[in-house]
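Chain IDs A, B, C and D follow the sequence of writing; residue 1 opens each chain.
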Amino acid sequence: MNATPDSEAPVDAAFVRRWLAAATDAVERDAAHLTELDSPIGDADHGTNMRRGFLAARTAVEQEQPQTPGAVLVLVGRTLISTVGGASGPLYGTLMRRAGKELGEEQAVPADRLRDALRAGVDGVAQLGGAAPGDKTMLDALVPALEALSGALDGGEDLARALAAAAAAAREGAQATTPLRARKGRASYLGERSIGHQDPGATSSALLVAAFADTAREGA
Amino acid sequence: MNATPDSEAPVDAAFVRRWLAAATDAVERDAAHLTELDSPIGDADHGTNMRRGFLAARTAVEQEQPQTPGAVLVLVGRTLISTVGGASGPLYGTLMRRAGKELGEEQAVPADRLRDALRAGVDGVAQLGGAAPGDKTMLDALVPALEALSGALDGGEDLARALAAAAAAAREGAQATTPLRARKGRASYLGERSIGHQDPGATSSALLVAAFADTAREGA
Amino acid sequence: MKKLINSPETVVADSLRGLAIAHRELSVDVGKRVVVRGDAPVPGKVGILSGGGSGHEPLHVGYVGRGMLDAACPGEIFTSPSPQQILEATRRVDGGRGVLHIVKNYTGDVMNFEMAGDLARARGIEVRAVTVGDDVANDGLTTAGRRGVGATVLVEKICGAAAERRWPLARVADLGNRVIANARSMGIALTSCTVPSARRPTFTLGEDEMEVGIGMHGETGRFRHKLVPAREVAAILLDRVLADMPLEPGEQVLAFVNGMGATPLMELYIVLDEVARLLDARGLTLQRTLTGTYMAALDMAGCSLTVLRLDEEMTSLWDAPVATPALTWGTV
Amino acid sequence: MKKLINSPETVVADSLRGLAIAHRELSVDVGKRVVVRGDAPVPGKVGILSGGGSGHEPLHVGYVGRGMLDAACPGEIFTSPSPQQILEATRRVDGGRGVLHIVKNYTGDVMNFEMAGDLARARGIEVRAVTVGDDVANDGLTTAGRRGVGATVLVEKICGAAAERRWPLARVADLGNRVIANARSMGIALTSCTVPSARRPTFTLGEDEMEVGIGMHGETGRFRHKLVPAREVAAILLDRVLADMPLEPGEQVLAFVNGMGATPLMELYIVLDEVARLLDARGLTLQRTLTGTYMAALDMAGCSLTVLRLDEEMTSLWDAPVATPALTWGTV
């Protein structure tokens, strides 16, 4: 199953499934690193949480075979919520579920609909967690990624290039959390001692956005 | 208070008190070493036990001021029994108490009476603990020491020289426990793993005998 | 990493199976990760439910039983349970008078319990939640409020007793909030814990260092301090706890000296003795105590101190009979 | 050495003061090192007394109370109590029907208790002693007999229940010997303990090593073994225990999985689960369990397994009510 060559509506269920596979691989590969980042300013479980959630999501999607991109994302979100626990479970779960709902029932959607869906998802994260960019959370990767995606699409780039820009922005956003003092989540309890460490959730967000970029590039 | 110059009856209360002071100093000085020896083949408390017991015995003797050598030894023995606990408490306590009783009420006794008293004490240890030389216990220092003392006195040596011979024998006896496999006490539970370690109780016995030798030498 | 486990992936399931064998009076659903009283739901009684990450045993599973929790939801190690899991437990212990959720104040726990509460209410179950926040280590640092630590055990016991007396849900929830408002905690660590899946200690400490203000998930503390005797540890903890909750001479308190997992009981008694002396010096009356490993951070060595300002009602509920794997007294 | 203590010299006294604060129902004589039930002596009841070195908490002080011990004599760390101390406790709990001494089989304990028994008898108190020897680690190695370890807790509980039922001394002592004859134990360590006054670990182990057949005073084991999963640890322990005490399919047992001081409860449940599976495979019925840190070796990480072959009488006495700091169940 390849992505549809139709550049007007490149995002179908297969695309999201390929993203899920790429994201799961990336999370598996980097799980130990994510847990390591969660050690000095957290509770040393972020990689384990993400790994458990994405493996479960992949299994759920294989079993239930959802047929629209929206349905795949909703199922991923539901599975993350019910298997991850912790802070990242409801947050990533909400992101995926909101995005999926936003995509509706359609078989395939164009790039700007994916962008809108992701924006709804990221808004959901901000709403649920009450954090803003600069608080040293996953939003510090997600929000710049979304802006880069939007800007590139508005500037006429295709989805693959726009997602590549988003991935770069997410990675930079994650790295930029290092000097920040955490204001939300577990790390915020450390006060000034949270400074000097990269946020694990922002780092996993960058992985997930990079997986989108990889999917679009390989499908293109 | 010096030892009586009467070489026929050199052992009086002052002599035993000086021995107690020397023994307590030696035990204090070597407590960490005794505990260290008790670590690989025991429960890492022999130095602490001996230190507690001898400090208490010295205090008891200072307070009660017993006036005969026998009474000093009995008080030391009683104090060791009530403050040391463990295996070494009843064993050393019995040694001193028996020896003290054997000395009776006399103000001063000659060297061979001290020898007989110590023999009674060591017999008491063997009886109470059921061990024999070669079992890797304090008896491996005490029995050779007694034999050397006896031999020297029988050979016409004075008490100071006889006790010096006893101290040498005790030290050698303690060192000779290293290759033995323990058959009594806590170390015996280790089987062949008790081999290669010097017995802590034999080592403290050698200290106590050496303190006798020092006392006699300095008093002479 | 030296642990008596089979594999990091299976620790929670493996230990829940062991719990089920050790305590046949409990109903342990290993698959759904739900532990409930054998006689649940108790008709006409408010259900008391708590949950959170595993690795804190006996919290929470060890407090399921008469006079305390009706249900516990153990998450993965240091990871809050999922909404589905909490919903499942809520349904099993609803005796028709509603269910109280006792939640520790962590982003993840709060979000998952909120979602579960919404799901339960959508199914017609009355749910109230109280959020425990008693850790003074991070006061003023964050808008997230204090973390929930040792007071959780006290809230579970006291609310459990009230529910056993058939108090209605709103009153039990108000009581829970009263306990929370009157409890403060702080902890220190002599060693880090090791999360099984992380395979290495969360942080490292020198031979003569301790961490002050640690979290119950092995989070590093507010600051590092040189290792000091138990007497000074007690003073450091009590000073900060009482700075946050000033008490008047003559007030009555419960002191809870909790082991973090690898600390021998003997050491906790030594700390209690020092805490008692310091309370006495401040003219406070040490009315009740709890000393032991009741809320661990896996294999962390260290302790936490919780002080609860008591009133007569709380004391009577504290004294009420309880029969759980980890806390039992009185005639139940 | 990282410990919550004030000084190695005062650990026993300091922790006994803490015990007294934590458990006002006990009568704790810190100076004489004697802990007795608040209502001792109980007239017409055989007194049950045990004691041994400190550092094993809750053993023995945590088992003083109705249905278990009338008195405990805590010695210095890992050092048996003195005859005078045991005599003092014996006198305080003699209710006119005599006193049972429960002694762990170590040279020092046996000698000190024998001396105490002689002193008590000289004062007209009837004393019987039972000597617990259940550790199969050293079977056949020494003429000193097996060391007394985990079975001690079981003997204390079961004899305590019999005394509460007003059994006469001879019968309680016979019962104690029956429990001892039917119990075997073995333990492993993942880390050494550190004796406070020694200031450093008694032995050292590599990151991937464990000691098999350790003693409860931190004595090294019979052999070193590579670190293996809980499943294999359970098999190593159970195989040796049952090799020493072969059981027929259908027999009923109590399994006691004990933590050595620094091992989290979660890990003990995991070991219990494996033990249960292995017992089942041998056709044995796991009738009762006890899982927790009930007999520690200071801060050693590891566990011991004790298997007790049960008969109906023992089971009924095991189930009988008990109310002590560390073991409480039933209506007392």
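For the reader, a short list of remarks on this structure follows.
Methods note: a residue touches a chain if its C-beta (ideal position, glycine included) is under 8 Å from a C-beta of that chain, and two chains touch if they have at least 3 such contacts.
To keep track of the chains, here are their UniProt names: A, B = Dihydroxyacetone kinase subunit L; C, D = Dihydroxyacetone kinase subunit DhaK.
Predicted model, so just to flag it, every value in this text is computed and none were measured.
Once chain D is ignored, the contact network of the remaining chains breaks into A, C | B.
Following the contact convention of this document, no chain is adjacent to both chain C and chain D.
Using CA-based centroids throughout, the chain positioned farthest away from chain C is B. One finds 55 Å separating the Cα centroids of chain B and chain C. Chain B has its Cα centroid 76 Å from the Cα centroid of chain A.
The centroid of the Cα atoms in chain A and the matching centroid in chain C are 33 Å apart.
The chain pairs satisfying the stated touch condition come to A-C, B-D, C-D. Residues 8, 53, 75-85, 106-108, 111-112, 115, 135, 137-138, 141-144, 147, 195, 197-198, 202-203, 215, 217-220, 222-223 of chain C are the ones touching chain A in the complex. Those residues of chain B lying in contact with chain D across their complex are 35-36, 39-45, 47-49, 52, 81-91, 128-129, 182-186, 188-191, 193. Across the complex, chain D is touched by residues 2-7, 11, 14-19, 21-22, 54-55, 57-58, 62, 190-191, 207, 210, 227, 229-231, 233, 261-274, 276, 286, 289, 291, 293, 296, 298-299, 301-303, 323, 328-329, 331-332 of chain C.
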